[in-house]
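The two complexes that follow have chain A in common; it is paired with chain B in the first and with chain C in the second.
For the complex of A and B:
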């Protein structure tokens, strides 16, 4: 072979370059990652899972949950909103300030806006506009806050409040990002549905809690047995077609309990420096707190 | 191609490659590649954040990410001015210089710039009796003007006093006001200067 050394060197550098880009650089960037702090509260994030939930990760892996569920939320952009949280006592002044902030707002509309706070006053404006509006409103005696909101199709579905960042997976081994979304994203399913009992019923018979679910049941994680005495405290509260025959009860095996504990521990909802958003007053524009049962929008579990 | 390859090999070209014609790479391809490279470098510069491990899409640089951090709660001095001018300025003056026979000055006053716990007590319960302000003796009575204000508003107005008219004091937080309010309870008796001096 002619130019053997040249071919060898060319191949070597081509491979070395991709190794540098795909292995070495990410390792330098996030390989030494440690727990970080939330912004602005300063709490530790992430918190290591309890042991049962840590075992649940292996059950999640063993049952192939990651083939249909992702754990990565995509964010399209970030917008600034102005949230009016309290009208204060100086109503004429606040109405005047509202009209200064929203020039096309009539007086009755402004008075209507002051009912049932907190409400967004401006949405999707620049930081300067939002800050000056907040200043005008607080000067008049109302309470307004600058609201930073992450937006995107995933977030509009209620799958979280921000994008996923490497910190979310710090204590996951292996990291089960998932690539397909036959079911909804589970990055913050523990926030949407914190009820362990719901998760157990859902794992046993998905259609018992979500109508029209395409998820298969995992009855082998449960034991159907004859009720002895007062019955087990762990027995699932099933009803209708999904309930066992009279005299029988469905009790979760340790694997099912671990998996449910793991699902509840998935709470990627902390505001971080790398993925900032505003946490605050209830009724904000962000996703509602509990929406795990994907009833609206034809979602499947 | 495939048709040609199925033909019997011609002896004349067997074992030899056709010589590559010189100047086969056209100039427009080079220009196109350079334009693409230039565009790519520009795109990377604008969106790549220069390999910063803390910056992810949709943010394009560390500066943009910092711009999106939630604001740290601060005192709104504009609100402080509005409250001052509606509640305090009638006696103490818009310029904080006070009015003879009505109220002592606030500009440069050691009572305003002194300990926060001392200052917060004055609007919360009032002040009466002889007091020396800026080297001048006063003997008036101030009602509890700030008792009806919220912690935030009182903190804002006191912060405004401590940072206006040449005053260079620190800001007062709503938590400090709340703490003093809790400490004095529902006291209605105005403070005296001597009593305030025991507070640090």
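For the complex of A and C:
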């Protein structure tokens, strides 16, 4: 090539193309996004985080939590469950329908299944299979519903009910999706760990609540001070090696309180049109261990 | 009179790259030394901070206080120093030198270039303090707060302008591959860095559009910009140092267009909560840009076929050779990572860290070391302060790279496999990576030592010429005063 101008023009068009694709288009597509509604409840989603949690996001940014934590739950697909909610009055018909849906079901087993409804009939099947099962059961006089369930390794780990979607981050600045999972994904941590006190103790000394944790502590977000009078209502309930000396207490600074408020505000648990799931779905073979509150010795999900 | 360049050539005992005219050398000398010396200092600081971060996996409460030494801040600072403190100024310096030498013309505006280098380093200093204070942006590879990024950008703008002007004034009409690579690189950095900082820090866009821009910038910075600056340098230096004909120009052109057209679409992981076409397109871009890696392997082989022994005997060529090898390995790792995105999600593991070490340190930094080792003697007219340090640096860098990247890559694969098993608690998964992380700390230690030698060697060499210049000046002054005395 002889001409600098040609190289320059070539580079210009190549970069302009990529800029249009990955900067301009997302700005028009998701940068202009507005709040949506949950499905089927129809509530507005998302709502802005409370002010304290917004300050907490800044603490999260300033201390580089995103170097160890992602906030992007991945879902490999969707499966369907069929729930039998009501046996109806036509027992022989329903038993026959059940046996049609579940070929290996014996008659006594089918009768047993009809007690104490609702119960799952099929789990983790495709939409066609589930729909045909629901049809068979309803024509026999029973009532059955279809449950949608999002699946994938992240969800099996209990990191959420569905994948992360652009709406989850609509009001955040900065949006820190993270790149590495040195620690667990936090997109839904407020659901599995809603206790602010737990978060504060965890931030002060992670190993005090999660045995074997390799997360660094953040003692500088707290103040260790002499107890005066009855002591502070905010003082952390620490025990063992992590407790301060007698006569001292550990109280969170405002940054720590804001950060904990942010962490409990991280809830990606709204079913949306673009990422549906049935609230209360009990899950197929890979049942998410939601709300399992990790305690000392118990580890995290 | 024997020119200083010829003396350097004799001292080095190896073929110097075409030394260029005195005018060219003088114009490049101080701007480049400002860029290189500051960069070497940042490199040492950055690898020290990186080592601190790494040690935290040996003991999580190690230096948990004070706040500015927390993991997330030292990690961010270390990444920023490696990229903006070392890679950017060194690659720009080398780029300016290529523009001057290959165009057979003095640098256009050496004072402006020196000033630009100073601004760039000042921006890095301000940015470093900002990140450690907790003013980091949180965006990967864009860690510096807006003010610091502005200074870096201004510095870049001055240097880039000097580079383009120098190319424009060239006396040699024909452009060789290195010149198109550097020209495109100068243009690329300006566009991506300004777009990203404007859209993320100055007039922030909403929601995940921020993440899209961040991914776009990172993909372009690591893939395209580093590719252009490093490969351009390799294509210019490799044949000259090895005394061979350059590889076929059409292969270089192929690599160039692959980088520009496909490399610019990389960087968005499959899991990102963005409209699905974006990660999908990005995976395609990544796989296609793997073709460029093939092209690089072909061109380097064309240049060196039958002469690999000479690469081994010349330290500068060894750096370049290992750098190119790391480029190829890093490129392959990136393709593997992109393809595993939906199933194994390797990109969330330490495998990513291994790949970035390959691309940023293994490839770009090593190529820059080899180049700086090749051009500084010609610039200052004396050989390196310590040849032994130079040789030792290569071994430390090579062993360090191996010790960092191999355990991290292996650890990442193990981690990915274990994360797929929900029965395994997260603490168990993370503890399972500790052995690999601790091995990689050894690698970081070796790299730090090598970087230290590089800095000392460069500083020693520069101090040597400063001392000589001072002695000359004193002698001249002495001669003048005695001369005046005799006349009186």
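Rule of thumb we're sticking to: the second predicted complex is superposed on the first by the 236 of 301 C-alpha atoms of A that agree within 3 Å, B and C clash if a C-alpha of one lies under 4 Å from a C-alpha of the other, contacts with A are read in each partner's own complex, and residues count from 1 in each chain.
Assume a residue touches a chain if its C-beta (ideal position, glycine included) is under 8 Å from a C-beta of that chain, and two chains touch if they have at least 3 such contacts.
Predicted model, so just to flag it, every value in this text is computed and none were measured.
Student: Figure out whether A:165 sits in contact with chain B (first) or chain C (second), or with both, or with neither.
Tutor: Both partners, chain B and chain C.
Student: Comparing chain B against chain C, which has contacts with more of the residues in chain A?
Tutor: Larger number of chain A residues touched: C.
Student: Touch check for A:53: first (chain B), second (chain C), both, or neither?
Tutor: neither
Student: By the touch definition at the top of the document, which applies to A:133: first (chain B), second (chain C), both, or neither?
Tutor: In the superposition, A:133 touches no partner, neither chain B nor chain C.
Student: What is the contact status of A:76 with respect to chain B (first) and chain C (second): first, second, both, or neither?
Tutor: Both partners.
Student: Go through the superposed model and pick first if A:29 touches only chain B, second if only chain C, both, or neither.
Tutor: Both partners.
Student: Intersection of chain A residues contacting chain B with those contacting chain C?
Tutor: Residues 29-30, 76, 163, 165 of chain A touch both chain B and chain C.
Student: Going by the contact rule set out above, which residues of chain C touch chain A in the complex?
Tutor: Residues in contact with chain A: 56-57, 60-61, 64-67, 70-73, 75-76, 134-140, 167-168, 173-175, 179-180, 183-184, 187-188, 191-192, 195, 199-200, 204-213, 215-216, 220, 253, 257, 260-261, 264-265, 268-275, 278, 281-282, 342-343, 345, 347-350, 352-353, 419-420, 422, 425-428, 430-431, 434.
Student: Which bits of chain A are touching chain B when the two form their complex?
Tutor: 25, 28-30, 39-40, 75-78, 127, 131, 135, 138-141, 143, 146, 148, 163, 165, 271, 273-278
Student: Under the stated contact criterion, what part of chain A meets chain C in this complex?
Tutor: 1-4, 7-8, 10-12, 14-15, 17-19, 21-23, 26-27, 29-33, 60-68, 70, 72, 74, 76, 153, 156-158, 163-166, 168-177, 179-184, 205-207, 210-220, 286, 299-301
Student: Where on chain B does chain A make contact in their complex?
Tutor: Interface residues on the chain B side: 51, 53-59, 65, 67-72, 76, 78-79, 81-82, 152-153.
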